[in-house]
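Listed below are the structures to be examined.
Okay, so chain A shows up in both of these, paired with chain B first and chain C after.
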Partner chain A sequence: MRRLMLGHTTEFTLFAVMIVLCVALSFATDRFFTISNAFDVLNVSAVNIIFAVGLLVVLISGGIDISFAVAASVVQYVTALAIAYLGGGNWAEGFIIAGAVGIGLGLINAALVYKLQIISIVATISTFNIFFGLLMFFTKGVSIYDLPEWLTTRVVFYEREMSDGSWLELTLPVVVMILCCIATWFMMSRTTIGRQLYAFGDNPEGARRFGINIGAMHYISFGWLGLMAGIGGLMQAHYAEEVVPNALYGRELDVLAATVLGGARLGGGKGSVIGCVLGVLMVSITQNGLNLMGVSPFAFKMIVGAIILIAITLSSARIDKLLPFFAKGKIEKGQAQKREAH
Partner chain B sequence: MMSAEPLLSLKNIKITFGGVRALKGVSFEVNPGEVHCLAGENGCGKSTLIKIITGVYKPEDGAEFSFDGQPITAMTPSMAQSLGIQVIWQDLALFGEMTVAENIGFQYAVSGKYGLVDKRAMEKAAEKALARLGVSLDLHLPLKELPIAQRQIVAIARALVGEARLVFMDEPTASLTQSETDYLIEIVRNLSASGVAVVFVSHRLAEVLEISDRMTVLRDGALVGVFPVEGMTQSRVTELMTGRNFDSAVIAADHDDQPVVLSVKNLSRANEFDNISFDLRRGETLGVTGLLGAGRTELALTLFGMRRPHSGEIVLDGETVHFGSNREAIRAGVAYLSEDRLSLGLNQPQSIADNLVMASLDRILSGGLISPPKKENVVAHWISALGVKIGKPEDPIRTLSGGNQQRVAIAKWLAIGPKILILDAPTVGVDVGARAGIFEIVRKLAAEGLSIILISDEPPEVYFNADRIIHMAEGRIKATYDPRQMSLTDLEGKVYA
Partner chain C sequence: MSSLIQKFNKTFGADMAGPVIAFVVVMVIFGLGADNFLSLGTFGSVAFQLPELGLLTLAMLLPLLTGGINLSVTFTANLSGLAAASVLQAFGGVDASGGAFVIAVAAAVATGAAAGLMTGAAIAYTRAHPILVTLSMMIFLRGLGEFLTRGGDVSGFPSYMEPIGHGSILGLPIPLLIFIACVGIWQVLLTRSKLGFGLLMIGSNVEAGQYSGLNTRRIIMLVYTLSGVMCAIAGIIMLARFNSVRIGHGESYLLITVLAAFLGGINPFGGFGRVLPVFVALVVLQLLSSGLNLMGANQHLATALWGVLMIVVMAARTIVSSYFASRRKKI
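Moving on, here comes the complex of A and B:
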């Protein structure tokens, strides 16, 4: 257990902070601590979590991407138009088109970073502007409201009326989000590709000397984020029941902050899916709690920013330095090994 | 242990980079299970040779290459791996965030059935490799939690997972303390006894002589010769490597007639050093030695104002000083050349000139702005005074050799006109010939009246270059020695005791 905690200090710190926050919020408002509210938070966070696990893969491999949220908007538009062209379409076609377009946009970023050797933050700030500029130019800022019915109808996998009259719902975006999390977790921790992505982000030169295909690392990480951006974009269109060109504009920084909050390191080699999920949930819970408390929405950004700052300070200050008994255990362990080694 | 047939045999290896012939027809042989030293100064072609053997570079036509009796026409990195040729690079090429098991068994993350990682097989292989080295480490600990010596072990274990038959170790002891080095030497002996041939590349001649059976010496890309190590002395090896003869003699002299520049009284910092007192006179070189972790660097950083003492006094030129930061220390005339020159002491992509004036910008101002002619003068003066070999002052400093970089780092501090110069491990990563050059400068500066504190964990360095030696152990001054009244062996015995 201690080993588990030492390996995942950020996740545990975040989890602890989240529990404290939840307890505080349930005292502050009686609506917060209900199962239906928990599902609300999950439904609201689903799209951001899908984006976040995609971004996580890029961060772990040592890159960064600013363009994925507007790429998702591009995906929404292209998918909506393609479906209309195909004469209605269905969920399977929707996922295939959205996923393919998303991967394509991700591969553009990968090519810029790998082939042209442009630093990923610069490359993706450029594509962020290009994607968004093209989108606004061709759509003239006009939204699409007449989406096919299958796309805008809520898909509920499980629902139940609670005793207080509220509804508990498990909707499609949440199920898709869970599948995306499992797929990302499986790829990153069980497959050779995932471990190579970690190694490449950790020590690129070391990875190169091991004969890891560096080009593949770039295409896989940005491609995966593209896929997640595509799926996330489709889910957002489904959730909002419309396609608005600037609906996702600015989302990239929220997701990036939440992902870093969840323990992913800018610079690569570190991060986990569970941390990522906790990071996004933490921000959502804060917003949800503030909402229920009747705090002015104009204060949200400020308070969320402060919470992120506090949580990141706590997790980078290292739990073992804050809690003396962890530090003690670790030093003793280290010395014992040193003795063994000598 | 040795069979008639060499494991690796290279003949007539030539390679040219940008018109410069880096290897001029070198031959190299390693026998099965032997410990072979590849010796030579920086730039003599050692790394190039290793890269040819591992297939990174291709030699020119006419080369003969065979491994285990089989002729090899075109070596590739993956072929070298499959033949069991492994290199442990100086920077280890490990993954800090990954566990010990994953670092050792990383091969399993490169190739796996259906693209999946077989964690159990990976851990088993890691365990087996560590057992073969006779070491036990916590397989699940993240690598970054391990001290550097144990990371070295992880790197060696990783080579063994690949069924190594020939292991190259590039400067494996550069960042190890003496006891860790001893331990590494033990491991190398075990490897050699189990039939793995080890090629050792090191600047530390003492350990090379202790560990190797034979040595191949290169100089300027040409083979000097292959020698049995038995009966070899350090000065003979140095002579072979550099083609010059360095006479070492004790230079210690009395400075009692000189004024005291720095007086340290009962200086202490909790958990770092305790009750340190000494005087440093004008023109005197004080050697500070002791094992890594003895508190030497911590003491130096305190004298340099980067840490505050918890108790005790620092008296500079008769005045008690309380440095709040190293800026104040620099202004008072204390210069500190850091241990980690490459990352902390110099700004690698910047030019030689910019690095040189980095600490003395206030001296080259004219009306609040940097004056180019003043800067040029300062740069030209120190480059010629210290004999730094450069192309243009505008070249990035990373284009210089280790020894020349070190000279620029010293010049940077001399440009502030210091009273005291603290040199912390000034020869780490600098080869034999360049070391002699650096100590020549140190002696010259002392003769000109500069007071110097020379910190080194290599007893010979302080023995031959200091007037007095302070031996630190566990944060305390254990003893003060006069090099004239003891032999080097005595000093080494006391330090390593």
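Moving on, here comes the complex of A and C:
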């Protein structure tokens, strides 16, 4: 247990902070601590979590991607047009088209980073501008409202009326989000590819000499993010019941902040699906709590920003400097053991 | 040919090649494609549009040279503009006196510097990655600005603010003159000052800098503070140009400034780069969008082409350097 905690300090700290926050909020408001509110939070953050687990894979492999949210907008638009062209379509076709377009856009990034040796932040800032510029140019900023019925009808897997009259709903985005999380977790910690991605992110040159296929690592990580961006985009269109070309513009930096809050490291080799989910949920819970407490919506972003700022600054400060002295020895011992193990 | 290249490199520096080639290509393509491109009107519009993006890019430049980045530039600029606006409002809005203007500018610069100092201190003392610190700073400043303005505009400024945004002296727009002055200051700072040397040193190797006695924390804090001050100047120019302050003004410039800096040959890992190539790269970007405007395309196509231009320049750099590397191996 201690080893588990030392290995996942960020996740456990985040979890502890979240519990404290939840307890405080449930005393501050009477609406917060209800199951239906918990499901509301999940429904709202589903799309961001889907994006975040995709981004996590790229961050673990040592890259960064700024373009995925805009790519998701492109996917939304292309999928909506393709479905209209196919004359209706259904969920299976929707997922296949969205996934394929998403992967395609991700592979463009991978090719730029791997073939042309452009570092990932530069390459993805360029593709961010290209995707968004072309999308706005071709669509002229016009939104699509007449989506097929199957896409806009809410799909509820489980619903139940609570004793207080509120509804508990398990909707499609949440189920898809859970599937995406499980798939990402399985790939990252139960397959060779996942372990290779960690190794590559931690030490690219070492991984190359070890015989890991570097090109494949790039294509897999950016392709996976592309797939998640595609699925997330489709879910967002389903949730919002419309396709607005600039709806997701600016989402990339919020998701990046939440993912890093959850323990992923810029520079690669570190991060977990659980931490990433906790990071996004932390931001959503704060917003939800502030909302229920009746704080002005204009103050939300400021408070959330301040929390992220403090959290990231504190989590980057050497953890042993912040802990009381008795915990220090343990961590240093743990680190020493790790170093020996390497 | 090779002696010509050598002469060019000696006079302008090797990092000037990318922007200059792009400049020539853009001039030739639009000169042939759009018949009224090579006119005073085009250059007039470029001269008026250049300063906002340019000043923000200068603000981005110093952190990039230290190997960091400052993602909060646009919101720092708008928040500084907001500080200036609220001072002007407090002194009577449209009827504010000249003294109020001085106080307003001081308030804007102080706001920018304070935001920069906070960012710099967080980066210097916690060693958190600059992307993260400035990203969360950006989210915080955006929220603060939206909270203060309720998402709306602040407008109604004295008439003497007008020339700062739209006036010209001897045919040269005043914003452009301010921008050129700032380019000059940055050039001197980077090439002739202790701080400039120190920040380039930090960009190429922090440890070596520390062991040779540089006070790296102080330098990083100064760099982000100066970046904040430059944001404040951009904020004042934007206030005068739009005659209003809104927290979302120029939001889309954020990633363009990074693009412009990399296009101008700044090393993405920090440590190497100069101001003049960045200036040329900025002119190229603006010429590209003005040219497309003349041909009837909109700003969004220009944005996409900025991205393409960036990829072409970076890819060309990779290909050229690997070509020279393989030639050297053969010899």
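As a convention for this text, the second predicted complex is superposed on the first by the 314 of 342 C-alpha atoms of A that agree within 3 Å, B and C clash if a C-alpha of one lies under 4 Å from a C-alpha of the other, contacts with A are read in each partner's own complex, and residues count from 1 in each chain.
Here is the rule we go by: a residue touches a chain if its C-beta (ideal position, glycine included) is under 8 Å from a C-beta of that chain, and two chains touch if they have at least 3 such contacts.
Values in this document were obtained by computation on a predicted structure and should not be read as measured data.
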item: A:F137 touches, of chain B and chain C: first, second, both or neither?; value: second
item: Partner chain in contact with A:A299 - chain B first, chain C second, else both or neither; value: second
item: Chain B versus chain C as contact partner of A:G215, first or second or both or neither; value: neither
item: Partner chain in contact with A:N203 - chain B first, chain C second, else both or neither; value: first
item: First, second, both or neither for A:K270, with chain B first and chain C second; value: first
item: Touching partner for A:R195 - first (chain B), second (chain C), both, neither; value: first
item: In the superposition, chain B vs chain C on chain A residues touched; value: C
item: Which superposed partner A:G88 touches (first chain B, second chain C, both, neither); value: neither
item: Touching partner for A:V260 - first (chain B), second (chain C), both, neither; value: second
item: Touch list for chain A against partner chain C, complex; value: 64, 66, 112, 116-119, 121-123, 125-137, 250, 253-254, 256-257, 260, 266-267, 296, 298-306, 308-309, 312-317
item: Contact set on chain B toward chain A in their complex; value: 77-78, 81, 89, 91-99, 102, 106, 108-112, 115-117, 135-138, 140-142, 145, 147, 149-150, 153, 179, 183
item: Of all residues in chain C, those that touch chain A in their complex; value: 71, 122, 125-129, 131-133, 135-144, 146-147, 150-151, 251, 255-256, 258-259, 262, 268-269, 297-298, 300-308, 310-311, 314-315, 318-319
item: Of all residues in chain A, those that touch chain B in their complex; value: 3, 6-7, 190-196, 198-199, 202-203, 205-207, 209-212, 269-270, 330, 333-334, 337-338, 340-342
